[in-house]
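One chain, subunit A, links the two complexes that follow: it is found with subunit B in the first and with subunit C in the second.
What follows is the complex of A and B.
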């Protein structure tokens, strides 16, 4: 059976109405009972005191003529709520001349307000004098108090209805205030689901839950934007690699016979021939083109068919650093921090060395001041799922991390975005091929690794290369993922 | 004095006589036989039941209450103190706090009340006339209520 869906505001109003539907009648009954009890007590107090006063007065006048007693009874009726006043004195019934109920047969003594349905509170009191005893019968009108009580009941009902209306209006306003930001978030999340995720999620709601929900959704949207950007970047590089690799492969096919025939032609030419020097120049340029082609193929991961082997990575990197130290000018500060015995990686050592050289060369190109330095460090680390989620090609597990940092000029965001593209360079025309970092990217991808960079304009750049560490357990080896 | 006692006895007997026909009931004020008190005004009775000192021939009159019968209590509130039970309790508390007047002792059965009356110097209590006749050494001194 499908669940019936309702809106939050209608549910809130319904719940409030249900609670009030239960509580308000109970409140009405309780209030009425309290008010009625108080009014009844006041009435009974009044009746008893009035009766006692009259009886006390009559005790002093009991031996007076009957007309005096009637006058007392008349005075009692005129002075208050007494509707019946009579006396039984020596078998004679003395009744007020103003009484509306002279027949004592209707007398039914009460001890509580409204005890009998006769709208009259009857009480009797002995009137005892020195020589005589009589009985005084009084009746007090209950209808006025009953009317007052009904007025109070009506007032209570009006107050409760007014209160209920205020509560309903307040609930509608409150639920609208609560659901407005939720509706806005719903629209925003639908927009994100349909691909429009560039609008920042914000709310001015002061409700903590809604504020937190907005922050969480904004964090998700922001991550989605970043992941999407990384994905598009990776796809672009992949496309570029495929395209450039294909072109380089075809270009290589043209270069091979060109090199072969040039070498054959050079062999046939006599020494000192002026044509020979031109042919040597052709050969030199063809070899250079071959080198470029090789680099492009490496970026596109089509270049080298050498099988990767499991080996300790430390000596490979140390050898590359030694080579770099020899190539760099003596005044360049190269700081090396390589942990020994950090484990094995499945790699092509020549490509790993090329990777280190290219990164260090890139760092050297970025140095602008004499006190700047290049740092190379190698260590092992464990990547958790949270870190892995921030990178496109990284998984939770054991990795070897190669850091190459410089304190050079740094890069702006646009440069960072395009830094791995082949032939993209910030150097002057002719000073760089723009293939160094493309090759690095290709090598990292071939080794199932990941490369990330942090750069701040004017402060320097840091490249971090993750290579999966191979853990040897007994006779088996496996890469930590 | 003897004339008055005879009159009250006559009235009560007359009422009792009538009660045999009409099943009337009476509530009377009683004291112990040895107490010479012949009559007591309603004002003094009310004072005594509010804890205010009332004396008769130099002897302090103490008021006692019987709590075993709701009807009897209602008659007490209606005819003696002339107020509701709530008002009476409030008034007693107010007088206790203002003047330190003692609350009338209360008893749960007629026998205990009668024993207290007999022990007291000159105490008064209200009870059904039927109960007075069944207790020794007690006599009624005033009619407080009679059923119609």
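What follows is the complex of A and C.
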């Protein structure tokens, strides 16, 4: 059976109404009872006190003629609240002429307020003088108190209704403030799900849950943006590699006969002929084209690969640095910080050296001021899962980290985005091939590594290459002993 | 002198390879595609086969397989331009030519060469295979 879905606000209203449907009638009943009891008690007290006062007055006049007693009873009725006044005195029944309620024959004493349907509270009191006794019968009018009680009841109902109205208004306001940001979050997450995730999520809601939920969602969104950008970047490089590889294939098929025909022509020409020296130039250029094609293939990881072998990485990088020192002008400040014995990596040493050389060459091209320097450092590190999550090709584990930094001109965001693309260069046409960093990228990927970069215009650039460190299982050695 | 059969769908490459090998003293027969190559091999025989790997019709890998069925000891050199090509079937992506060369080796090719190679590389490879 399908679960019936309700909105938060309708559920809230339903719950509150249910609670009040039980609570409010109970409250009304209880309040009424208390008020009624209270009013009845004070009525009864009043009646008894009045009755006592009247009885005390009659005590003094018990020996007087009947007309005096009647007059006394009459005045009691004229006092207001008494509707019946009569006496039983030595078997004689004296009744006030003003009595409107009941006759003595049916007189039935009350103990509680409202016992009689005629809205009269009947009371009998002994009248005792020094040598005589009589019994006083009084009836008090209950209707005024009854009316008062009904007034109070109406007031209670009014208060309850007013309270209910306030509750309803508060509920509407509450559910609006609560569900409004929820609805907004819902719309926002729907937009993200359908691919529109470039708007930052912010809320001014002061509800903690809403605030936290928005923060979480925003974190997810910004992560999605980052992951997507990385994916797009990777796909772009992938398709560029495929394209370049396709071009290189055709290029190689043209280059092959060009190379061989040139070699054949050179064989036919006598040494030192001017045609031969021109053909030698052609051969040189064809070989340069061959080198370019090879670099493209390295970027696309399409070259005929040398097997990767496990070896200590420090000597490989040190050798590359020696090579760079020889290549760079003497006045360039190259600062090297290589940890010794940081372990083994599975690599093609020639490619690792090319990687170091290309990165340093790139750094050198970026230098503008005379006090700028290039830094090369090599160390080992352990990548945790948090770091791994921030990079596409990084996994938690042991790595060797190569940093190549420069304090050169730095790059803008657009350059950073395209820096690994083949033939992308910021140098003048003819000065650079735009393949150096593409080759670096290809080499890093071939070695299951990762490359990242930080750059600030005017401050410099730093590249960081991660290569997986080969860790010999620790217990191996132990077992051999 | 040894007779070498060259199979390549690109005329420029066929012809220049023939010239290089002819100058080195080999007899060379040319074929423009796999079917042609197999027919010429059946008719005239050869001491060695050099074949391109990416060709329409029967490609280099299939060539190696078919030649091996009849001539288990025939020296075969497979050549290919580095890079990648669209796959033969309608699969997405591209296949690296080094993958083709690896398949050819598994199928029984004795040696692979990636274009562009120099004259001496080719001659060394041919000599090594014929001497073996």
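Throughout what follows, the second predicted complex is superposed on the first by the 462 of 481 C-alpha atoms of A that agree within 3 Å, B and C clash if a C-alpha of one lies under 4 Å from a C-alpha of the other, contacts with A are read in each partner's own complex, and residues count from 1 in each chain.
Keep this in mind: contacts are C-beta pairs under 8 Å (C-beta built on N, C-alpha and C of every residue); 3 or more make two chains touch, one makes a residue touch a chain.
The shown structure was predicted, so the numbers you read here are calculated from the model rather than taken from an experiment.
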- Evaluate whether subunit B and subunit C can sit on subunit A together after superposition, giving fit or clash. fit
- Message: So in the superposed three-chain picture, is A:56 touching just subunit B, just subunit C, both, or none of them (first/second/both/neither)?
- Response: first
- Which of the two partners, first being subunit B and second being subunit C, lies in contact with A:131: first, second, both, or neither? first
- Task: Go through the superposed model and pick first if A:246 touches only subunit B, second if only subunit C, both, or neither.
- Result: second
- Message: For A:257, using the defined touch cut-off, is the partner it touches subunit B, subunit C, both, or neither? Pick first, second, both or neither.
- Response: second
- Query: Given the superposition on chain A, which partner contacts more residues in subunit A: subunit B or subunit C?
  - Reply: C
- Query: So, does A:45 touch the first partner subunit B, the second partner subunit C, both, or neither?
  - Reply: first
- Task: Based on the superposed arrangement, let me know which partner A:309 touches: subunit B (first), subunit C (second), both, or neither?
- Result: neither
- Item | Minimum C-alpha separation between subunit B and subunit C after superposing on chain A, in Å | 97
- Item | For the subunit A and subunit B complex, residues of the former touching the latter | 41, 44-45, 48-49, 51-52, 55-56, 59, 104, 107, 109, 111-112, 123-126, 128, 130-131, 133, 135, 137
- subunit A-facing residues of subunit C, complex: 10, 12-13, 15-17, 19-20, 23, 81-86, 93-94, 96-98, 101, 114-119
- Query: Residues of subunit B touching subunit A in their complex?
  - Reply: 4, 7-8, 11, 39, 41-43, 46, 71, 74-75, 77-79, 81-84, 86-87, 142-148
- What residues of subunit A sit close enough to touch subunit C in their complex? 242, 245-261, 263-264, 267, 286, 290, 293-294, 296-297, 300-305
